[in-house]
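Each structure below is given as structure tokens.
Each of the next two complexes has chain A plus one more chain, namely chain B in the first and chain C in the second.
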Partner chain A sequence: MFYWPAFFEAFPALLPGLMVTIELTVLVMPCALIVALSLALARLYAPRPAARMATGWVEFWRTTPLLLQLYWLYYVMPSETGILLPGFATVAFGLVCNVSAFLSENFRAGIASIRPGQRHAGLALGMSERQAFFRVVMPQAWSRVMPETASMWVELFKETSLVSTLAVADVTYHALALRTENYRTLEVLTALALSYLVLAYPQAKFCDWLYRRHRVRE
Partner chain B sequence: MTEPNDRRQGTHDAPALIRIEDVFRRYPTGVEALRGVSLIAHEGEVVCIIGPSGSGKSTLLRCVNGLEPIDRGRIRIGDREVHAKSRDAREIRRQIGMVFQSFELFPHMTALANVSEGPRTVLRMPRAEVETRARALLAKVGLSDKADVLPAQLSGGQQQRVAIARALAMQPRAMLFDEATSALDPETVGEVLNVMQQLAREGMTMLVVTHEMAFARDVADWVVVMENGLVLEEGTPHTIFGSPRLARTREFLLRVEHAPARRVEP
Partner chain C sequence: MFDAFAIVRANLAFLASALLVTIELNVASIALALVLGAVMGIGRVYGGRWVDRGLGFVIDVVRSIPILVIMVWVFFGLPLLLGLTNFPAFLAGVLALGVHSGAYIAEIVRGGLGSVRAGQMHAALALGMSWRQAVGRIILPQAAIRMMPPLNTRIVRNIKDSVLASTIAVQELFWAANLLEGETAKPFPIYTTLMVFYFIMIVTIARVLDRVYVAVAARGAA
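Now for the complex of A and B:
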């Protein structure tokens, strides 16, 4: 039996958690973009040892489970290294590392797919390497990686639910807590699902719109 | 026979602008693209470089504006020496326009933005001034009506004319053309060659790598034949096309003549 009052009463209880989830996404994504771009540039243009290190770093975060990474940062890092960060900062750091690893692989491929002649055309005009990259190569690469980046954004928004297992009070954490109070698992989890859906849908649409706007016709 | 002072009246006594001296270039793969090439383009002169594919023509052009380093020898533009890696290379590239076989227009910018990009980003000229200059250049290449169009919506010939305008926007001292018409549909080759011919008439110094023998014969002041990374023979178009000194040159010209002809508009 679906008990509607429990369903509707769940939303106010979820609200504070929802804010944490949004904060986490909004904070992590821009940081991850910058880190990902740096990693991609290091892998493409840095001297070999630095490029290798960047590749190793990316592969590490790409090939281990996010949940394990978060657990490691939360439980192992403080005891082994003495670095004790607040829970929110710890999971934000873990998410930045994880998401940027995937994004950087995407960026690297996107940048490499722009034919070298484009860079040469920029240089031939007298541009510096930096200008040729940011004026010529990057805008084109960005258009190509936009769809993938957009879906990563939505993915991240949903994956933040993992942090609820680490006492970070996001929306999932609040839902699971509420469930143990009123035993209305069906209603509470449905409310939770609806919360994610309602928030993720416009994000996905916004990303689609960005993609259409940035598309380059070749 | 073909002494340098055979050069066409009016240009042979101008000062040398591009001076290439004994240049070697070996690719990391081991291929020796240039094996001691020397060549001079005087101010206001059109020098056409012809020769079979893989003879090092394009590599030579790319070395001239420092897009590729050289292993030995010297390239000078006016009194400045070209070094691919140095900061100077940028200064030299500003002064030399380059037109590529595959156009290389920036696909994310309109025709106008493409032409404006150099003056705007490199010379940091005021916006209004840049736009005036860019529009004038689009008019010069006959594309005033295409200012707001993206490259993808232009034909090959139109794209290449925008690319020429883009290079001219830097007000270069010389222009390099790297097989500028090789990637074009036959019917659009003529419009690009016409623009090049007009530039030549205006006195632009031009180094032109081309397979268009008619262009070399009619427009060049000096023709250089390259093969296997060496200059085989050079001279006035009259000499090269009329009575080439070497059998190898004659063979090459015969091969080109008998290749499926791509006629240029008369």
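Now for the complex of A and C:
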């Protein structure tokens, strides 16, 4: 039933796709972190209309399905705005918007959880607003948001699989293509699942460890 | 401008029938996820060391594989493994979503049960309750309320993930939208309507679930 040679042969065929998956994750995450921090700061410190807009933006990306967002960007954006990006850039942009929305919510909560007295103390010591934020508030908030940020990374790694539906040649795309070539569906898809598992499992365990280590004790 | 959306208006009945499939898919998969999650979560807390480890491994495996991959594996791979023919896509969608969400819910249940202080269990046993009664009447009701916020998040997530069933040709809302787009080549009105619809639906459901939690939250206070 299960044809082992087809299973083992699938891995080398999936490797180029795996590189694209990793590339996409590595490219999207830093961008998402920067966007997320800007959004969180806008929601906390910007004048009300700007803060409201940032909140609306975040809520939109958090409450609609990622696949629909990617389809919208891929099919609607070029036809309506004339902006025609390559498929890879389109999905990378969509993932940055989606992931940064979730991250910004996490950052906002983390920054808000640091008592205002911390900032006041920084200011009283003669720090500028910027110094008080980056030297006093941020380092404390960071240890609270880090575990959640790490799980978002794992989440992103898995979510990149959706780009396969838009012909971006990630590992899932390669597997689905290979399946239609050699008809070894069970072996190829199992190899695909195992590829994700081997890469994501240690990361997930690392996240669990981070959660234990940075548990908030009040 | 608004004529662009005529294509959506003309196909409302078709989209409504697909929405029904989306609802059925979510109700069935969330029900399965809750059962699986409760069984695995309770097993991890009370099943002893080896059950805890075994279930922990299974849960971590499921959580490490993308839902899309689980879905295509269940739909295309599982029937080959079991020698089944004519495996219905809807069933595959329910199984994949149910197992995926179930693994996350198991961790929520485990956390919720763990948050009820040990004294509660001791007191129940001291009053002469059996273990089953103590868990069912004392621990679970308290834990259930504390589990609600993360459970609500997971339910919303399940609804968002359910659009992936379109990739295995479950005839749900996103599948119907893609079909319509393929026939008419009008992505703007179709996907925009769908986006707005999902936004309103999910925000509404999230609000309702949150209200329910707020109404009962005091009963779960430690």
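Throughout what follows, the second predicted complex is superposed on the first by the 202 of 218 C-alpha atoms of A that agree within 3 Å, B and C clash if a C-alpha of one lies under 4 Å from a C-alpha of the other, contacts with A are read in each partner's own complex, and residues count from 1 in each chain.
Operating definition for what follows: contacts are C-beta pairs under 8 Å (C-beta built on N, C-alpha and C of every residue); 3 or more make two chains touch, one makes a residue touch a chain.
These numbers were taken from a predicted model, which means no experiment stands behind them.
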Chain B versus chain C as contact partner of A:172, first or second or both or neither: second
Chain B or chain C, by number of chain A residues touched: C
Which superposed partner A:65 touches (first chain B, second chain C, both, neither): second
First (chain B), second (chain C), both or neither touched by A:79: second
Partner chain(s) touched by A:206 [first = chain B, second = chain C, both, neither]: neither
First (chain B), second (chain C), both or neither touched by A:45: neither
Partner chain in contact with A:121 - chain B first, chain C second, else both or neither: first
Which of chain B and chain C A:11 touches, first, second, both or neither: neither
Doubly contacted residues of chain A, that is, touched by chain B and again by chain C: none
Residue ranges of chain A in contact with chain C within the complex: 1-2, 59-60, 63-69, 71-72, 75-76, 79-80, 154, 158-159, 161-162, 164-165, 172, 176, 179, 185-186, 189-190, 192-193, 196-197, 200-201, 204-205
Interface residues, chain A side, partner chain B - complex: 117-118, 120-128, 131, 135-136, 139-140, 143, 216-218
Chain A partner contacts - residues on chain B that touch it in the complex: 62, 65, 67, 90-91, 93-94, 96-98, 100, 102, 104-108, 117-118, 121-123, 150, 152-153, 166-167, 170
Partner chain A, residues of chain C touching it in the complex: 60-61, 63-70, 72-73, 76-77, 80-81, 83, 156, 160-161, 163-164, 166-167, 174, 178, 181, 187-188, 191-192, 194-195, 198-199, 202-203, 206
